[in-house]
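Next come two complexes, and both contain chain A; in the first it sits with chain B, in the second with chain C.
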Partner chain A sequence: MAKPGYILLKLVEVGIIFFVILTALFFLFRLSPGDPISKMVDPMLTPEDMAHLIQQMGLDRPMWEQYLIYVKNFFTGHFGVSFHYGEPVATIIADKLKWTLLLFTTSTLLAAFAGVYLGKIAAWHKGSRLDNVMSVSALVCYTLFIPWFALLLLWILGFKWGLFPLGGVLTPALWISNASVFARILDVLHHLMLPLLTLFIINLGSYLLLMRSSMLSVLREDYILTARAKGLSEKKIRNKHAARNAALPVITSVGLSLAFSINGGALTEQIFTWPGIGRELIFAVSNNDYPLAQACFLLIALVVLCANLIVDLLYAWLDPRITY
Partner chain B sequence: MQNKYFWWRFYKGWRIFIENPLGKTGVIILSVFMIMAMASFFVPLIDPMYDPMTGIDPDIKLSTGPGLTHWLGTDNVGRDILAQLLEGAKVAFIVGLSSAFFSIVIGTLIGMIAGYTGGIIDAALMRFADIIMVLPSLVILLILASLFGQFNIWIIVFIIAILRWPAVSRVIRSQTLSLKHRPFIEASRVAGASHVRIVLRHIMPNVLPLAFLYMTFRVTSAILVEASLSFLGFGDPSQVSWGMMLQWVWKSGHMFQAPYWLIPPGLCISLLTLAFYMLGRAMDEVLDPRLRKEGQTG
Partner chain C sequence: MSLLSVDHLSIGYQTKKGMLKAVDNIRFDLEKGQSLGFVGESGCGKTTIGMALMGLLPENAVILGGHIRFQGEDLASLTETQWQTVRGAKIAMIFQAAMNALNPVMPVNEQIKEAIITHQPDISKTDLADRMKELFDLVDIPARRMKDYPHEYSGGMKQRAIIAMALACDPALIIADEPTTALDVIVQDQILREIKKVQEATRTGLVFISHDIAVVASVCERICVMYAGQIVETGTRKEVFKSPRHPYTRTLLNSYLSLDNLNDIRVPDMKESPDQMIDTDECRFAGSCAYAKGCAGRSPDWIDISPTHKAFCCNPDMIRRGHGKS
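What follows is the complex of A and B.
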């Protein structure tokens, strides 16, 4: 179990990093061409509403005061008002976050489990035809260009064969009528399949390759020889002694490859019109909706940092050799 | 003497490398794309209608499938898809190689400084690297594009390089740490060499091969990030790139009607990144595989 001191240290670290990002974003908004008022306050608002927003965000104050108000607003959840929706950004984002988390966690977890399982088998049969087929396909999966792959899946599975809906997250007709909860869940799952499949296949490749190389190095360890000398069955050595230790670096890599998955997630959401944070960010950027873009960015940064924190703690908990 | 050893090792490495199935496949795919990139210089000379950006076939108004004058068909305004594909190969090489080169330069310098000086500078630089490493580069490019408007291709290349040096600097740092206390470094220090001279003359030649190994992985991620950015519509509008082509198929609503237009650009991006990735892995097996901690970041 991780020590409380270690958890605290990690929390402080994440806090500092997030603060650096928050500050960098503040200065970027001030450094970019155009004045900050036009960036944070919708020019289409009535003068009273504009004055209220300018006052709330302190845009008429000196720079250092603006910064303090910006930090305070962040922690109290005042991200400003979206230009496009005309609603507070916080409420829009809260709605999108659940969809992103649903897609992101399911695809990462499924891919990690499948990758560890298949990588274990590939490494165990190193050099065989099975291993070669698995490694090469993993390599191909990993380097597939995500938007293209997603479009192909959409075209073949969605359009040609009509197996899955072409986009969105639910069928409006079903939700307006009083369908049962079960039917609704099934509907969401039906919409989830294609984006999930895209991210699953891409992530699976990298986890499989990682698990394979990690497993290969573990198999050279002395304790595997000891286990063999004790006369344990091959299956036991593979699953209990080798695979458990080999899976540890894969967990760290979930943290390291998070940036990669977030990029992929945003592209996938965009193509399947999945109403998540990534798609919202792209939408905000295309429409110059600065308050919304800023909030989406900060939220993504926060998700990345939290996931890294979870990975770090999980790793410390799983591997007792780590003491800080 | 140092140099002679290096070249011997280089030759031996090349032999293992070319006998490695991954390395061989990578080199073959890469050569095909190189030829494509070269060909892009000559295609517009055949007929102005083969210009990837401005060449419009006067007889064609809609997207058409493969034919004799347009081997891969045309897009919705009558531009030749093959010509765009060749141009895209050139742009992908320029983006991938230059961005990887800049990130190698930044990463190597910072890694050497961190490893050589140690202490608080080392800690600060590596913490900074950690922060940049966890940030998704596509998302950062998007937010920058929203603030500063459309970027030209070189700015995109530079931003990718600035975002993707940390992985390189970590490896270079650990290599520098192991070199720092070797006898030949101690000897030059005793002989009165300055720190700058030790770093540039003695450490750098020893870490450069490793830096170039990492270059292949950086090429992969730079090509992917640029293609994604162009696909989303934030690329350089004056350049035809594979990502841009995909964006045109998608935005013009031809993705379900024109497979001859949808399939080639994505296939090229995937194959080119696969080739560079294979090169990287093959080189990895040639050089020390234990040094590698990380191969993929967005």
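What follows is the complex of A and C.
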């Protein structure tokens, strides 16, 4: 179990690391080539207009002043206005984030549960045909190249068979009409299926293999023999004694994947035209949209740092041998 | 009827190179409340016997022949489901605690409770609590430490907890496989006393397996000395210790350091163990035996020295007269 003092110390540590990331990000963007104005070039723009724009965005101030404003704004909850959209960054991110969370968090969780369950069974029947089929399939899933597989599914299930829409998150016509809430949910789910399936299959492989190998090493432990010697049923040994210990390393992996799921997947989102954070991030970076890109990266950094902390604490709670 | 009667038991391991005969034609009986020790070097088959008595042989093990009769029932023919009603309830095992014999993520009392509940699903909460207290008292672990996790226990306490777990359902037979091997001598002594005390108090049959002849002698009334899958000498503790007859037993005792032979430890020049892949009737110890004379090609036989003392050798004269001071 973790002591309160340890948690406090960890929180301070997270704060310091976050501040370092905050600073590094600022300078990294200013050092990168190109400037935001040149990206929104309008041939009609006069040099005076350009200067006015630069002044409006605060880019004419000295670097240190820009930095101080940036830090101040961050701590007062002002993430700025996107250079490109002219809208508050927070609004844009909130809008994109919900779609990313829906797709990536759901697929990670589903794949983790299915992977742990199947990995447990594969390890239990080690060497059998069932195990061979599962392990080889998992390995294939694990090594699949995401864009290729996504396009393949899109082509077969979406285009050839017409089972699922080819992209987007909803059917605009349906949302404009007075469709019921239920119909709208169904519509989103229909759009969700194809990207979800892609990510699920790809993630499933790694969780299955991880759980399988972890389970196999646990099954060699002496306490499994002790459990047998007590006369426990095979099912009890597998689920109560083996799986619980074997799942520990998987939890770390799932925790971190969940954290990283908020940055979405640029490739997947691009292919399925899923309006999530991943696509937005690429767009923001390539257009030197500083406020938007900075806010995206900061959000990711914050979530990953917190997830690390949570996994740490969770681990201490699940494994009594670990005390902080 | 004996509590346990093992008759012509042979167990082999299926390996890539063929069948390895790990236990060869073993016979022994054990009465209620008696203790029997198996001693021998690593790989002599003593653990295989223990595992066979628990129905926990590895997957590649095959019972090649013989019977294990326990309370009149032949254990060798039980199915896995039938075994589950025997293990822990009628026959229990004391493992070596140094390894992870206890599940690291479960409190100790939960692990012991589990053993009771598995075999007595209808036990009431108060009965269960009483039984737990009784068990912890029996092995001298303070009740306030019951809910601790295994890593919070010392090595000796873990071993006591494992003994308590084995006793949980009042088994008729306990198999102890190297229960003190990883403990320092002081704790080892405490644990051995504990096992003996408990075994005498509960009138349980005990099969004690160890490579350490001194440990076996301090716990068991009768001793079987094993070599390369076979029992080569069996007798009471006094007989085997005071007048060992088989050359291997003598070798084993001589290689022990004691105050008497401080300047005269004769660690014999042992050849490698014989190849147990080859199925032969010939004496397996002949290659390393200091007394072997014309033994090659002959099959050893059981030679009675007293009603309880027997040795397995090709040379009856030498065994009967003993061979000088050991």
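By definition in this document, the second predicted complex is superposed on the first by the 273 of 324 C-alpha atoms of A that agree within 3 Å, B and C clash if a C-alpha of one lies under 4 Å from a C-alpha of the other, contacts with A are read in each partner's own complex, and residues count from 1 in each chain.
Keep in mind that, in the parts below, contacts are C-beta pairs under 8 Å (C-beta built on N, C-alpha and C of every residue); 3 or more make two chains touch, one makes a residue touch a chain.
Worth saying up front: this structure is predicted, and the values here are computed from it rather than measured.
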Which of chain B and chain C A:Ile21 touches, first, second, both or neither: first
Partner chain(s) touched by A:Phe149 [first = chain B, second = chain C, both, neither]: first
Chain touching more of chain A, residue-wise (chain B, chain C): B
First, second, both or neither for A:Ile185, with chain B first and chain C second: neither
Partner chain(s) touched by A:Gln270 [first = chain B, second = chain C, both, neither]: first
Which of chain B and chain C A:His241 touches, first, second, both or neither: second
Touched partner set for A:Cys306, first chain B, second chain C, both or neither: neither
Chain C-contacting residues of chain A that also contact chain B: none
Parts of chain A lying in touch with chain C, wherever the complex brings them together: 221-223, 225-234, 236, 241, 244-245, 318-321
Complex contacts: residues of chain C adjacent to chain A: 54, 56, 80, 83-89, 92-93, 95-96, 99-107, 111, 114-115, 118-119, 149, 151, 162, 165
Contact footprint of chain B on chain A as seen in their complex: 17, 20-21, 25, 28-29, 32-33, 39, 139-140, 142-149, 151-152, 154-155, 159, 206, 253, 255-264, 266-267, 270-271, 278, 281-282, 284-286, 288, 290, 293-294, 297, 300-301, 304-305, 308
Chain A partner contacts - residues on chain B that touch it in the complex: 130-131, 133-139, 142-149, 220, 224-225, 227-228, 231-234, 243, 246, 249-250, 255-256, 259, 262-263, 265-267, 269-270, 273-274, 277-278, 281, 294, 296-298
